[in-house]
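Worksheet: the structure to be examined is printed underneath.
By letter and in written order, the chains are A, B, C, D and E; residue numbering begins at 1 in each of them.
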Amino acid sequence: MNHSLLMSILILSPFVGFLINGLRYKKHNYLVAGTIATSAVFISFISAVFLVVDLVGLPPDSRRIAVTFFEWIRVANLSVDAGFVVDQISAIMILIITGVGSLIHLFSVGYMHHDKGVAKYFAYLNLFIFNMLLLVLGDNLLVMFVGWEGVGLCSYLLIGFWFTDETKAAAGMKAFVTNRVGDAAFLLGMFILFLTFGTLNFSELNALVPAAAETSWLGAITLGTLFLFVGATGKSAQIPLYIWLPDAMAGPTPVSALIHAATMVTAGVYMIVRLNPMFMMAPNTMMIIAIIGAATAVMAATIGMTQWDIKKVLAYSTVSQLGYMFLACGVGAFGAAMFHLMTHAFFKALMFLGSGSVIHAMHEEQDIRKMGALKKYLPITHFTFLLGWLAIIGIPPFSGFFSKDEILWMSFHSPLGHPVLWAAGALGATLTAFYMTRLMCLTFWGASRVPKGTHPHESPITMTIPLVVLGVLSVIGGWIGIPHIVSDFLGHLPNVWEEWLHPMIKEVPNMGPADASLEWALIATSVGLASVSALVAYHMYVRKPGSASRVADAMGPAYKIVYNKYFIDEAYFAAIINPLVKGSRALWYYVDVNFIDKCTYWAADVAKGGGALIRSLQNGNMQQYAMYIGIGLVVVLSILLMR
Amino acid sequence: MQSIDIFGQIGLNHYLILSALLFVTGMAGVLLRRNIIVLLMSIELMLNAVNISFIAFGKYMNQLDGQILVFFVMTIAAAEAAVGLAIAVNIFKRYKEVNIRFFEHLKG
Amino acid sequence: MPLGGVIFIAVFVTVFGCLCLLAGRLLGGKKHQDAVKLAPYECGIPSQEKKDTKVSVKFYLTAILFILFDIEIIFMYPWATSFKQMISDGTGTAALVAMMIFILIFIFGLFWEIRSKALEWD
Amino acid sequence: MGESAFEIAINCVKLVLVFLLMVQMVPVLVWLERRGSGFIQNRFGPNRVGPLGLMQLLADAVKFLTKEEFVPKAATKLLFYAAPVFALLPGTLAFSAIPMASPLKWGEHTFLIQGYEIGVGIVFILAISSLAAYTILMAGWGSGNKFSLMGALRASAQTISYELALGLSLVGVIMMYGTFNLTEMIHAQEGAMQFQAFGFTISSSLLPNWGIFYQPLAAVLFFAATFAESNRLPFDLAEGEAELVAGFHTEYGGFKMLLFFIGEYGHMMVASGLMATFFFGGYNIPWTTTEQVYQWALGIVGSPDWASALSSAVHFAMFFAKLAAFLWIFIWVRWTLPRFRYDQLMDLGWKTMLPWALANTIITAVVVFAVSQTW
Amino acid sequence: MTADIFLFWLLASVTLLSGVGVVLVSNPIYSALCLAMTMVGVSAIFATLGAYFIAGVQMIVYAGAVMVLFVMVLMLFDLKTEIATFSRGRISGAIKIAIVGLLAGLIAGTFAMTTTIAGKPETKEKAGHAAKSLGELLFTKYVFGFEALGVLLLIIAIGVVGLARSKGGTHAKH
């Protein structure tokens, strides 16, 4: 089929859905709006499948479907096309976005049916899909940036969807402002790259970079990639800009699943993977990325252990998992990063939707202290959630195991890696196992703490279907990227993933040969630690409820610090926001009110005085007007006559 | 420059200068008089002065277009006088006032 | 040039009129004049101030309408003289149509004035 | 005005003669009016002074001259005096433009039997007579009397109202003759009836080739309008004696009054002359052409100069007869018809005569256009 | 040609003098009568320039209609006892007079120095013919302007009736 047609259907279908729902949102009930939105995304998904099938049909070295719709900007030597490209990386992304996206849309139909602004909700959701597609399909940084900003906007709109609640609206603004910081850095990075290479096109950039060897410690490439990475930390919630993501849970749960777990927050990872040849040329940046990633993974996990809100736990889990992806990028394991991105999309979306189902069942109750023993009320939700849990804590053969293991191995083995990074990763995995098990125990197992009057019930079929599908994917999703060592053991299963991505991924130089026994040992260590941690958690929360709080008491101040999220928000307030506000206020008072305003008043006074002066000419005395005309005539005629 | 018998030889310039003088006279009226109706009359005077120019040029250029234009100017001048007087009369009826300066109060 | 003749007779008549007035003054009978006789003529009652005269604005409205219609009629004159000429020149149809449109406007104006009672005298 | 001093002198004398003719007609007309009114009203009229009261004219003149010179106190002197003088002008100037006989050819000279020949004769006469309103207004306002002023306003409003019908009724006439020139119009009315229609030449010796047969409606309208123009009964609303005493000349007496009379009768003469010229063949003798009359005169006297003089004289007599006839109609109508009310007067002018004149214009245009088509 | 020259100077002086009279005479009725005289003079000047028809129209429209309207209005409202003739302000008055003088000099100077139309006046033509050509020109080249003026006059007629009607009934109030 015609690629440009497919591409336009792929991109514009959600946009059309947005227009239909957005322009007539008051007239639609949830079923009509949901059907329109879901089918719009589903059409997109089908086109994506067609495109990917076509892509697979191409020879591996030239797998690239590029469509340029029109020349967007041409100013001096800046030339930007509205060009879109489907290659190995973006193919994965569009499948995830449209596939998971349609499932979440379907879920939303059930989840949002009681909401009044349901059509508006679906319109935003469709707009988000549209922007996300722009982000991943754009063949240059500028188109990507449009999508980048677009998803930021949609994120803001959806977080603050229930804007009548002030804290939720504030959460939306927090997300937006925090993202702006990252976006500014992203723009700076773009400027630097454009100044250096004169282009913003990905393939051109990636082709140009190897020739421009970095000479200094902090050259243009390092600086540019660093700025882009800061942009990525904003979008993908890494230290130091992760603070918005937990608050973003104020939005509807499907939104959290789609935007804040599966798609948008992975944009930073995607961007780094897309530009991996360039990042490879900036080892300093790579190191920073790896450190930040590992640190985020551990820190978010620790916070996750102490949270009581089901969605907050998942949010910190997301931050932590994103840290893993950055860690993978930082050590040059871009394939592993993408792999983890995909599996994470499956299981985290699953868990968010599951939590949505729980919240739905509990009538908007999110505190896990008021849950427990929901297994019997929500069998399907429980079962699928169980699959997600197994996947995230890395139990083989669930998908999480393969991707996480790959990352841990590479962080140890890669020349860019370091045993400390591995240790941090392993610690993070352990903590992940702990808090996820804690979540399972408190929500589904143990004694029921459900308040009286709340009657949990299983969710309707539109909500359970996505759960089941995602559950299946969480189980089998990892099987396409089985590590060599495991596949060798199992009898040479092909590593489809690696082959698929291979042309797009720059090899890490100086990669030593893999030591099989060491790898086995590391796998065993991480799985073992996770299992132990999970068992401990099970013990603490199911067998002996109450022991957890004793432990917390024993930890004392440390627990308090962690429980309060390391006082990061407060620190930001003290260090940045308050001085900024105070400084702004001072600026406002001293500069704006006392200087600029006075200048403008003065200018106005001058104009007013001048006007009064000139107004005396325009006094309504017609004869005076005629006199002016006469003077003009005399002057003109004199000039004419002089010449 | 050949000498021209200014008084014995009537040419285009004579008419044009006559027209200019009449125009300026009318203009003086517009500038100096206070009665709005006299002002309107002075405007008519200016228009007449211009008409002389038209006719003189028409004659000396052997074209009738000047006369057509004068025809049109007369029509429009008459229309202007009609409307101007109607307004002046209206104001006079209400305020008993024909001083041009009084019309300053009618603004706004 | 007939203009000289016109001016001559105009001056002559004016002089004649002035002479007549002079003659009337010279030959007129002796004067008995008193305040009552010199007062403006009034039917036996003390004369009023002229200021109190109420004159209908109809007069000036009539004069304005006269100007406007007079111009329209004047416009017909050159057409009337050259109409036969234009017919033989072949532009007669256009001239007829143009004038008919003009007359239609005229008629519209006239009947508008009649209908709006601008021409009513009471 | 003329090429040589001789011609200039002749022209000046001619103009003065025309003026004097006009002035001398006035006493005759006054007498005629008084006798005529007596006749119509079945009484005698002036009959004491001289035979048939003819000497009454002289007695009147003496009376006018010896009247006390009187100017009211409230009058504006300049205008009060100027008005009667200017009253003479329109009639005289217009009457001088009417051709009264065929040109007199004497040797190398050609004398027009009229004050002056104006190429745009109709326009000139209309222009001159439109100045008549000033006289009225000056007199009315200059008298310093509110009856005078109201009379003047009424009279001028009436004058200008009927000027519309008058001017419009002439459009058809101008269209017929295709000229403004009065002499050319008279030439066009020579002989017996003959005209072109649909490419054929149609002639009839039953009727003279007079304008009234082509423009009957225009003739009626024109004649009625001239009555109003000259402020005569039945249109003498300006001097509606019951309401306005005597109109704009309430305060006038003596010789000043006489000048107004001259002006008014001058107006009547102009109107009569124009009626004759536009609709009744001017100085032409019915069914004949100027050339025929000249040939007839040549047959009598032999000399071309004298023949021309004779034919001019005959034509002048003819013109004078027509003029007198119309003047008599003026007098006749005055003493026959009652006066209009003012609103009726204005209604007649604006709502009856103007639309009819318009209709006449349209019909004439369409007929002229249609008749010119050939097939 | 001496008669023509004499006529020109006569008419020019009459026209100019009465024109100046319009401005200088303090009684507006005399101003109006002066203006009427100017109109007649201008009409006569048109006649000396061979535009006989336009001369007649000038008399009919200006002298016979527009000025009658002015005089009528002035008499109707009896504006004899007048406010001060000229507007106040010595400085602006001086400026205005200076402008008028300068302008007169400048225009006259401009004409005297720049007019170079050497065309000879057309040979004597029958006045009636000129009027005919005028009609033909009016109904071919200027036919649109002609119709537009018809509409303009209609609008004015309607507007003036509206103006005369507005606020005041049919009688002038005192």
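Going forward, contacts are C-beta pairs under 8 Å (C-beta built on N, C-alpha and C of every residue); 3 or more make two chains touch, one makes a residue touch a chain.
Since this is a predicted model, take the numbers as computed values, not measurements.
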Chains touching both subunit B and subunit E: A, C
For subunit A and subunit D, chains touching each: E
Greatest separation from subunit A - chain, by CA centre: D
Central chain of the complex, centres being mean CA coordinates: B
A-E against D-E, pair bridged by the larger set of C-beta contacts: D-E
Mean-CA-position distance for subunit C and subunit A (Å): 92
Cα-centroid distance, subunit C relative to subunit D, in whole angstrom: 16
Whole-Å separation of chain centres (CA-atom averages), subunit A against subunit B: 80
Residue list for subunit A, restricted to those that touch at least two other chains: 623, 627, 630
Residues within subunit E bordering two or more other chains: 3-4, 53, 57-58, 60-61, 64-66, 68-69, 72-73, 76, 87, 96, 99-100, 103, 107, 128, 131-134, 138, 149, 153, 156, 160, 164, 168, 172, 174
Multi-chain contact sites of subunit B, meaning residues that touch two or more partners: 27, 31-32, 71, 74-75, 78-79, 81-82, 85-86, 89, 93, 100-101
Pairs of chains, among all present, that meet the touch criterion: A-B, A-E, B-C, B-E, C-D, C-E, D-E
Subunit E-touching residues of subunit C, taken from the complex the two chains share: 1, 3-4, 7, 50-61, 63-72, 74-75, 77-83, 85-86, 89, 91, 94-95, 98-99, 101-102, 105-106, 108-109, 112-113, 116, 118, 122
Subunit A-facing residues of subunit B, complex: 27, 30-32, 39, 100-101, 103-105, 107
Contacting residues of subunit D [partner subunit E, same complex]: 1, 8, 76, 79, 118-120, 123-124, 126-128, 130-131, 133-134, 137-138, 140-141, 149, 152-153, 156, 160, 163, 167, 178-181, 184
Residue ranges of subunit E in contact with subunit A within the complex: 87, 92, 95-96, 99-100, 102-103, 106-107, 109-110, 113
In the complex with subunit C, residue positions of subunit B that touch it: 71, 74-75, 78-79, 81-82, 85-86, 89, 93
